[in-house]
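Before I ask anything, let me first share the structure, which is written out below as structure tokens.
A, B, C and D label the chains in the order they appear, each numbered from 1.
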């Protein structure tokens, strides 16, 4: 956070300033929607390694970071990209080949953990996962936890309801707060100070943003001064949480950005095919990420014509009748 | 009128949905079942996604619960906190019916969608819980879609991702969970339900042309087949509404 | 809750159906803004007694319900109406004369208690009030708690952080959930099914609404069918929580309703003066509440001219240059 | 240039506010002090209300923190959950300065805004904590406005509503609170601060024409007066900006 009036910067600077090797990162979005892909690709391009990633169901972004060799450990609820990859492909491979450490939670638990971080409390309770292996199986050992400063000693705990059977509840699971070193989100509109306006579902972006020590925002539109202060009921994240704001049209591409563009089914299908093969995936990294200067490079590679096909219908907010087979 | 297996499965699930249900949907066939119910037998039922979309107007079939198509003309566009809170909420949550899938299921309706093999050295890694464990923990009724294969109906799950009846009658209460659990399992061969007393799975219906023996051959677990009936195929009206209103782009069917 | 397509009704019916003598009630709004005053006056008019009221800082509504002899017990954080009554007048009198039982919390604690109720969990943690008399002094005795079905056995509890010193926190206060029998809120717009759109600050209305067993909504504008489903990012409370929707323009009067009208300084000042004297307050109840058929009666008594002075400026959302001395 | 006591008190508080502060405001003089800081010495400081309004454009003075005037051209219009979470949040909360008032204060800066007399049979009942206890619990710095009267500066509070330093050095830590506490008390006679070692209140400034002895006469508690200085009255510029920009309708001044 800072209270500066102008936090606009470029993506290379923002990533190199805040995303340090080994740091604890979270990214916004959900499966194939509003993932901060420009920022994800920039992290891969800068070859930042050893990241500890917190995710609920941030599909495509998670898989690309893993495939890009940036991730050492992962706390996650769901790694899938809808119809394009029921299990994220590079994730699956990396876990099966033990290239990354992974620890499982549920979506609600991960969201509560970000919320606890945002609220400044060490934990939140839920009844979810009682009786399940999410409680019994820890991905990170006690030893690793104790040796890693940013991790709590316990994955989660089951405790008795301190108010007897109030709310017909005898037990709860308490999940520990997360305060990521950096959260990356992509939003429809932000202003120079970092006030954010998300359109459509917010997923867990608001909690992830407020829980973070540093918040990097990429946006489709950057607004001068007071534009977003008019009708501020629509702003979900106030500027006090923001560190850097970067204007990147199509910054969520190839995932969707409601009311701006849809996901690109062809890109996601091609990605899935290439991710399935190590050689092809190596070529993918070279051609689509390392061989390009920046996100603009990717957009040029894909071409205006493709981007036109995914342009959002102003009525529905997605690309109606897009060929998604 | 000809119908496919997927259509049969979808319609069987849809028939279970009531007018005062809030339907928690995943992607694929579960979303289709919810849309079918709304268009056929439960017009006032409410479609609801873990991403925070409530009562979406689904003009096109979403390919993920995070698809922008779930955001159009909702009653509210919230986030994950809103959706799961509504399921855990003692008032609204009691109206939610969940539709889930998994890689493995045991006789008490517990689900695995995390790993095959050891958790730390898995042979196969799946997506993980997502909201599945949350839904299974919170809601009073759920429907489970499965492929009917021996390695999927197992005596012991490799990982218990989403609680069903845990170890049978009283298992949920002992674990600290609210009342609930799966009401049925719909597969490509048959329909299983759960005994009221033991909470064990039994074969309640087979599709035309499928014998109970064939069903058993495709399960590691043994289930009671004494109560089995033949399932009623989708009617012409059901099929028409399903095809025209729910998946006219043929993305799932 | 119910899922009916049309929940529109009249206020007399809604109040008599859901607000039963002795039931546990919460009301929305904050001090002198968006209190559900039409509903409050109707409760007084119907002489519903013995209510247990949950409030954070719902000033004017709380004081009128107490003055109207409807309240037996009260859990509250703050009873004040801004400049018009730094301590709510009938509240002060009732507590000093021991006509009502009162138990004190902080604003955040009350909000967390509604949130816990909305989330379906028995408690939430905070660091607020550690070391204070809010923890030590209970308004309701252990005996009363045990004898009252709707109350938890403990006011609140202090517990050690189950995750050691995670988040630099050694102890937390846990506050028990509230699930009121009925919550009353007044909003700018609602549709026939009960989707709500609040403009300006939401205070704790959203949590209070979602925590309730029954939710009664009064609104400035009632919308047909799909009006609020367009641009639904702005709807904070979905219809699944709602039981009754009543169209009552000026339903928050004499408190404010952002973008519709301001508070009426003259009414609030006159009220404060009358509330200060038992005889005058008796006359107030007779003239302004019992002697009138409904809220329309109050608006007619006050007169169009007065209402015009508090009309909101379309730019600012309040009545600019209103005489507020 | 002539000035009133209220103007003096407002300006002294305003001078304490820095450019990187998020200022938690109550009603009345505390709101005026925050507005004065923003208009005079800390233009980038952010005004913030417990009701959920952040960075309001205050064209007119709100008469309550729930006044619609706090909702105009904010950075975000949230609710109580948002505002208190931002104060308890380990990142943003450390930038918040609170401005509070009370009916009683003790030498460790603990505040009573609940009752005079016994809690169950109070002689005088006040409004209660509101967000006061929350702010006092969470934030690293707070400023307290008080009327300087013997019955208000007491040895023992009738009710501890909002924690200051509890029982002195280390008191907050022992209670489980984050670092923080009041930095000063501003009254109609003087300014008190808190000793770094003992966390006890001492007299740090008196207004022109006020003797330390007169201050002591108006307190039940004894405070060190050895460090007292005369407070600098508001400058012409401060007064002009205060009068013209902050309360031109003269609702508080």
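Here is the rule we go by: contacts are C-beta pairs under 8 Å (C-beta built on N, C-alpha and C of every residue); 3 or more make two chains touch, one makes a residue touch a chain.
What you are looking at is a predicted structure, and each value in this text was computed from that prediction instead of being measured.
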{"item": "Neighbouring chains shared between subunit B and subunit D, ordered by label", "value": "A, C"}
{"item": "Pair joined by the larger number of C-beta contacts - B-C, C-D", "value": "C-D"}
{"item": "Interchain centroid distance [CA atoms averaged], subunit A/subunit C, Å", "value": "37"}
{"item": "Centre distance in Å when subunit A and subunit D are each reduced to the mean of their C-alpha atoms", "value": "40"}
{"item": "Chain centre separation in whole Å, for subunit D relative to subunit C (CA means)", "value": "27"}
{"item": "Multi-partner residues of subunit D (at least 2 other chains)", "value": "77-78, 88, 90, 138"}
{"item": "Residues of subunit C touching at least two other chains", "value": "119-121, 126-127, 167, 169, 172, 179, 200, 233"}
{"item": "Touch-based graph of the chains, sorted into line, ring, star, complete or other", "value": "other"}
{"item": "Complete list of chain pairs which touch one another", "value": "A-B, A-C, A-D, B-C, C-D"}
{"item": "Residue ranges of subunit B touching subunit C (in the complex, touch as defined)", "value": "19-20, 22, 44-46, 54-55, 57, 73-78, 85-93, 95, 138"}
{"item": "In the complex with subunit C, residue positions of subunit D that touch it", "value": "27-28, 50-53, 59-60, 62-72, 77-81, 84, 88, 90, 114, 119-134, 137-138, 157, 159-163, 166, 171-172, 174-178, 249, 251"}
{"item": "Complex interface listing, subunit A residues touching subunit B", "value": "29-34, 56-57, 59, 76-84, 86-88, 91-92, 95-96, 98, 104-109, 111-112, 115, 126-134, 137, 139, 158, 167-172, 200-207, 256, 258, 262-263, 265, 312, 316-318, 320-321, 324-325"}
{"item": "Subunit A-touching residues of subunit C, taken from the complex the two chains share", "value": "116-117, 119-127, 152-154, 157, 159, 161-164, 166-167, 169, 172, 174, 176-177, 179, 198-200, 233-234"}
{"item": "Complex interface listing, subunit C residues touching subunit B", "value": "1-5, 118-121, 179, 193, 195, 210, 212-213, 226, 228-230, 232-233, 235-241"}
